[in-house]
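A, B and C are the chain letters, set down in written order, and residue numbers restart from 1 in every chain.
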Amino acid sequence: MNYQIDFTLILNSLPVLLRGLLVTIQLWIPSIVIGFSLGFLLALARLARSPFLRIPSLGYIELFRDTPVLIQLIWLFYAFPIVIGVQLSPFTAALLGLALNTSAYSAEIFRGGIQSIVSGQWEGARALGMRHTIVLRRIILPQVFKRMLPAFTNRAIEVAKMSSLASVISVHELMYQGRLLSSAYYRPLEILTTVAVIYFILIYPGSYLSMRLGRRMAARS
Amino acid sequence: MSESILRVSNLQKKFGSLHVLRGIDFAVEPGERVAIIGGSGSGKSTFLRCLNFMEIPTSGTVELDGKTLGRPISDTSDVRQYPEAELCQVRERVGMVFQQFNLFPHMTVVENVMEGLVTVKRMKKPQARERALTELRKVGLEEKVEVYPSRLSGGQQQRVAIARALAMEPEIMLFDEPTSSLDPELVGEVLRVIRQLADEGRTMLLVTHELGFAYHFATKVIFLADGVFHEVGTPDQVLKNPVQEKTRTFLNRFSEFSF
Amino acid sequence: MTYQWDFAPVLARFDLLLYGLLNTVKIALISIVLGVAIGLLLAFLRLSPKRILSIPATAFIEFYRNTPPIVHFFWFFYALPVLMNVSLDPFVAAVLALSTQSGAFYAEVFRGGIVSVEQGQWEGAKALGMGRAQLMRRIILPQAFTRMFPPFVERSFELTKTTALASTLAYADLLYQAMMVNSETFRPLEVYTTIALMYVVLLVAASSLARVAEARMTAYR
């Protein structure tokens, strides 16, 4: 191995890669916010008594969990416009795909969290004369939220990684810029390794945090 | 030097900055039954667990049949390291019964008792099963042979654990608070089994809070406090006429205590 | 919305899609087997008391868990050949990417299973005089195995879905074959919907099998 690594090239490509990173973040954060909010509604539907809410939400969740994200993005970009008759920009299609995918996974986190609260908590709160919505808001959700925090952090990490798939439908995010640069300069080793390192720097802090959180909770229980 | 099976000299154990055992000298004589009592945190369980290396002593020596185990990490150090083979050898000859039973949940009762015979003693399965059944009969569990531990009461689980240790034909049995995690109505059945072993003349060490049982069971009682043997003697000496102030204070806390 | 769905042209080329599905299953199975081997090795290295073994293993695991799979695919296909002066075909590059990445995840699954076995089990076995190897094989691993199984299955499903990325290296998996069929039929809606459903069928079938296996394994509880 006498390959000479071209560090100047790495430095010179950084501005372009960082511009890509900005797009990655623009995809990432909204996907999480929209995905988690939708996921909460989905979880309520999934736990509803009415089969008209329960069964479609179950179908939706399973559909998104049992197919690759890449196919979801490709479907939304190439196939979905045919259904709605409007062409979506790559960014919109990617955002939509990531948000919908996230909603399905986070619905399962919410559901697990809500179901994990033992019925004694509900009874304890009801015995105090609290109404259903107040019990939910004051007693159940704060506990659920704390318990679900590591799972949500994990999900956020997965979304950051998934966002790189948007490169396949030409969203100009970090991976896309990396692919472009590496073929333009014929220097895949330098560029792709740099891309990997940037992703690691973006993702690792959250991952570390989630591990610490999980360990602390395990120690307490 | 002597006929004692196991002898410890200047045994010390630290957990971080916590000095739990502060230099203990002790020998187990054949046929002896030792009850170890003391307050919580006195180091009595740690002491017992050092004898079969569930805890590795911080310093001091352990002799088995007059042979000192392990070797010093350097010529001048009194800290020793212990090769796994030596530890296994001690543990094979010293049986232990735990507070939490520690049965293997993925094996049936008889498989639990056979496990050590087959994997450690390399016994053939049919013979191991024979032996296991004998031990299970002795603790009164011949009906539960093919059941998984999760289906048994705490008292039954502890009796299986005793049978599992006995099957290895240990020269010394260690009991680490064997009844502490049992419901009160199940304590009796376990103590009866231990009593029965005492009648067979086995060499045993028992860490316990059951002072009444200790009195009738033991040939020697040790009161452990602050990491040292505070008072040692016959049950009558230690439990009825203690010399040390600390022992008296400890015993007085068991107000309902009567023989 | 007046679009007329027409699956006939797609179904006429269904053999191409089946071939893709077969390749997807093939690459998934091979990567699972290799991933498990890598994962076992990494797990034992990470559990080792020797820091010279545990630290590199931890670094490897954390790096792969915190960077996107598509970066690994491109890195193995474009960058590794530069470094090693060899050329890899898409299949080999994809298998390398999938098995190293899932190896990192499997390692955590295995480690988690092993450390989840209660301290008392280790002590119970030691007290009988068992050596470390016997103790692992007879007492710890059988119990760890049943606990590892659900996260192991989940990870393997993630891996199976990630195989879709091999299409970006022009490996003839299900998604790649769908792209081929699409370029002949110009029916993206039908093609991509079809393969999404094929994925659902594949994963639902696999998860039912997994559930049966799990029920058998945990019979003793």
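Everything that follows uses one rule, which is that a residue touches a chain if its C-beta (ideal position, glycine included) is under 8 Å from a C-beta of that chain, and two chains touch if they have at least 3 such contacts.
Just so it is clear, the structure is predicted and the values come from calculations on it, not from any experiment.
Participant: Per-chain Cα mean versus the mean over all protein Cα atoms: which chain has them closest together?
Facilitator: C
Participant: Comparing centres built from CA atoms, which chain ends up most distant from subunit C?
Facilitator: It is B.
Participant: So what's the Cα centroid distance for subunit B and subunit C, whole Å?
Facilitator: 47
Participant: If you average the CA atoms of subunit A and of subunit C, how far apart do the two points sit, in angstrom?
Facilitator: 19
Participant: Please report how many Å separate the Cα centroid of subunit A from that of subunit B, as a whole number.
Facilitator: One centre to the other, that is 53 Å.
Participant: For the complex, give me every residue of subunit A touching subunit C.
Facilitator: By the definition above, subunit A touches subunit C via 1, 3, 62-63, 66-72, 74-75, 78-80, 82-85, 157, 160-165, 167-168, 175, 178-179, 182, 188-189, 192-193, 195-196, 199-200, 203-204, 207.
Participant: Which residues of subunit C touch subunit A in the complex?
Facilitator: Its residues touching subunit A are 1, 3, 62-63, 65-72, 74-75, 78-79, 82-85, 157, 161-165, 167-168, 175, 182, 188-189, 191-193, 195-196, 199-200, 203-204.
Participant: For subunit B, which residues count as touching subunit C in their complex?
Facilitator: So the residues of subunit B in touch with subunit C come to 52-54, 84-85, 87-93, 95-96, 98, 100-106, 115-116, 119-120, 148, 150, 161, 164-165, 168.
Participant: Which residues of subunit C touch subunit B once you look at their complex with the stated criterion?
Facilitator: Interface residues on the subunit C side: 120-121, 123-132, 134, 138-139, 142-143, 146, 220-221.
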